[in-house]
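Per-chain residue numbering starts at 1, and chain names A, B, C and D are given in the order in which the chains are listed.
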């Protein structure tokens, strides 16, 4: 039997398989390079970058919960120029497209960061973080009000020919409207989901477990929420979806694809088992072969519902 | 040392302690009566009641997930008259207030069900389910659009002098606005949270794991989401909050109270360990005593954030 | 119905893939009626939280025993349980099998763990008759000698013919039925859904009574959550009945099978 | 840095509440430098998912050993691990302690599992000097005889006076320091944060070098998540440094302590 075709496309970006990493859980590439063969990945999605250097939140920044974890890292990073200088030479060594996750404190930052990055050919696509629950400056408002969402996406669209992928906030009653708005503003795909706004409190000290008070919930706990959002978005738009939220096993990734995701991202699982990425890629291929599919794209959105 | 005062008040309803059960996880009272001393509870909250008998969803109705479960029971029930006849005589045997969770397929149903129940003195309060993700008729729209939310609450307010407690949907970006709207419409408290809209798919059959396709996620997985919502609502309104979502241990209940909940409800944990309710009640009392508090109300919203 | 902290007394291979778990549960044990089940909280199930129901194979003042086959997360997590380990039980649950009707001839029909679920009933029944047990291979047919020792005429069927008649339970049951006065039969059945349905269909076609013990996924086990419902016929249609509380045993005429 | 499926070789009580876990890890073992750690995936942690970091006490071609005290969910879940059990490791991680500076006199300061974390360094150092070990009671001071056998002059302090000087490590260290040529000292420290800070303060006040191994909660352990950061001084302010990757060992002057 022939091997199933694993390639998928996000706009003009070819991925050799549907599996990337969730922004912020894989650093900028080098961190896991000794443990994971970066050439195996469909794409490398790097941690959020804004135009300038950013300091992020004080510690504690993460907290383990039942079936998941909270984080409020707060998007520390080297800024666009720092990123280009520090990480692009490393990333160029691999035959794997690079998706840069971008964010801003104000709307114009989303344009500025693209302007700073766009000449670099090793930057393959932009994932637009419109939904980070961990920065005070407004990241989350961009993702939960349709008007600001659309304006931000349009702004980015005007600055680049590369694929743009807005990352949707999960805490809305109508994810479909955001997916459709993304499509209408010329997006090439959407990512679903960012972490869920959440909180934990130490009942002895009465202090929040995170220095930032709030954080985002990720991990297996949120998978059923993410599957529903992907399912809803798939019915509302015609652009590809990158699905994520609690993918720990190949079966989880396949479930996202069956729900409507063209590609998937492994996040928190990297911390638990860096072998997850390769296991998920191989597991998808095995499933496709067993089910007699010729291509990964065949199972996208095939849920009987 | 004196025992801490465990009593709390929701409008005119006195509860001997802050602990009730989450609607739908404890039947109508008799189901757990052999395992749980109903006289120990702060209140008994019964499964959702609408004016008429309702059949609910086909099976499978529940599905276990990592750290939680999905349900799409679909609110089957005997209707208001059936409830009064079948369960009120039983419930009257106990010295524990009864909160009736009400819902409707259309807005006027919310009024009708109260009209049918209100003369019964054993009905102590109404929890208004405006957020059930499992009925097609619109339960969830009542909870995610402020205008419909307010109109429904006002309608119920006009029909009864008893305490009314709107139950808020978690899948909104601005829970505070709903809490505030509830207050402005004359609510005595709000309940937070209902289950989170979610989905799971069997990748072998490609069918959703629930006959209703979607369901609501409950259990430990959602606790950090619920804590955040309670925290936000506490800052937005001055009426008491009944907090719930993944309470399995006394520490969980205390965390809700510290975040801003005056009372708490144990839901999914009843299925896992019916002893949870009494353990939670005793655990809160022990904590209060150890920390030198004279009353349960002293820790409400005491988080240092 | 009690919630009891029990301790593992014995846990070992029983036959084929089946294992026996014997639990010290002096409060629950004496209350058990045939056909009831326990709801077991399985330690070490990781992030899976719900209990699992198991039919009671044997019960005494000391406690209860169950027979199970590891088939999924819960049952696989049971394997490492060692004697002395604490486990939390709720039970006995469900209605169990009714008394044999006057003038009726009892018949047992079972498959898989159904044999275990019928054992207490087989012991209690005042008359012993024929017992039809089906399974994939000889290894899947449990407790044959025990049922024989009680006086039952055991007629095994196996998919591969390794024991008794080759084929499904119906391959042995149907020819036998032809020769019976069907009206007087009273069947006690526990097994996979298709077996239950096959026996229910025959009961209605031939006018005998068949008590079917249903296996539906459960959450609470006590009637509170409405997970485990089946459609039960009523005078003017149907109503939901809870397998955990109103069942798991229903008479074949009560059940409206889903397509 | 490797991810390796290791097997438990030995697991038993070590001293007081401390336990030793010896793991077969032939890929990781030979790569270890003193002061590095492993990131352990603990089986049976239920619905908690993250790994836990542990300093490497001993390492060889065969694998690694760690010493730990059950204090929370992860460390308590380790207790039932039996020889032969598989566990997943990432390591060796972190920078470890640097070489001793020329003309310097090494000093060890440790508390709790810090004694274990310093053992490989203590062995490797070309000179042996004084080792200040603090603990609540005699039971909490690990490996005293082992350090003595290597040639170290061990000076224990205990809160209850059950071994050595009564008081904190500083109760023994400060009077001793008075008599030293502070400039030539080079401290290797691992212990609770207040101990690290106390030593760091003295290093800066008296002008000696102190290498402090920090304990910050970790998620990834490899530098990717930015959970475990501390403020490291720079020419014009400070920057975040990751304890897992840039540390866990920092020189006292590098660290900007949080209030």
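By our rule, contacts are C-beta pairs under 8 Å (C-beta built on N, C-alpha and C of every residue); 3 or more make two chains touch, one makes a residue touch a chain.
As the structure is a computational prediction, the values presented were derived from the model and not from experiment.
Shared contact partners of subunit A and subunit C are B, D. Ranked by distance of CA centroids from subunit A, the top chain is C. Mean C-alpha position of subunit A lies 36 Å from that of subunit D. Averaging C-alpha coordinates per chain places the centre of subunit B 48 Å away from that of subunit D. Distance between chain centres (mean CA atoms), subunit A to subunit B: 34 Å.
In subunit D, the residues touching two or more other chains are 47. Listed for subunit A are residues 66-68, 220, each touching two or more other chains.
The touch graph of these protein chains is complete, with an edge between every pair of chains. On the subunit C side of its complex with subunit D, the touching residues are 44, 46-47.
Of all residues in subunit A, those touching subunit B in their complex are 65-68, 70, 140, 144-145, 169-174, 196-201, 203, 205-208, 213-215, 217, 220-225, 227-228, 231, 246, 251, 254-255, 258-259, 287, 302-305. Remark: subunit A residues 66-67, 220 touch subunit C in the complex.
The residues of subunit D lying in touch with subunit B in their complex are 47.
Residues of subunit B touching subunit C in their complex: 24-27, 31-32, 34-35, 47, 55-56, 58-62, 64, 66-69, 71, 73, 76, 219-220, 268, 270-275.
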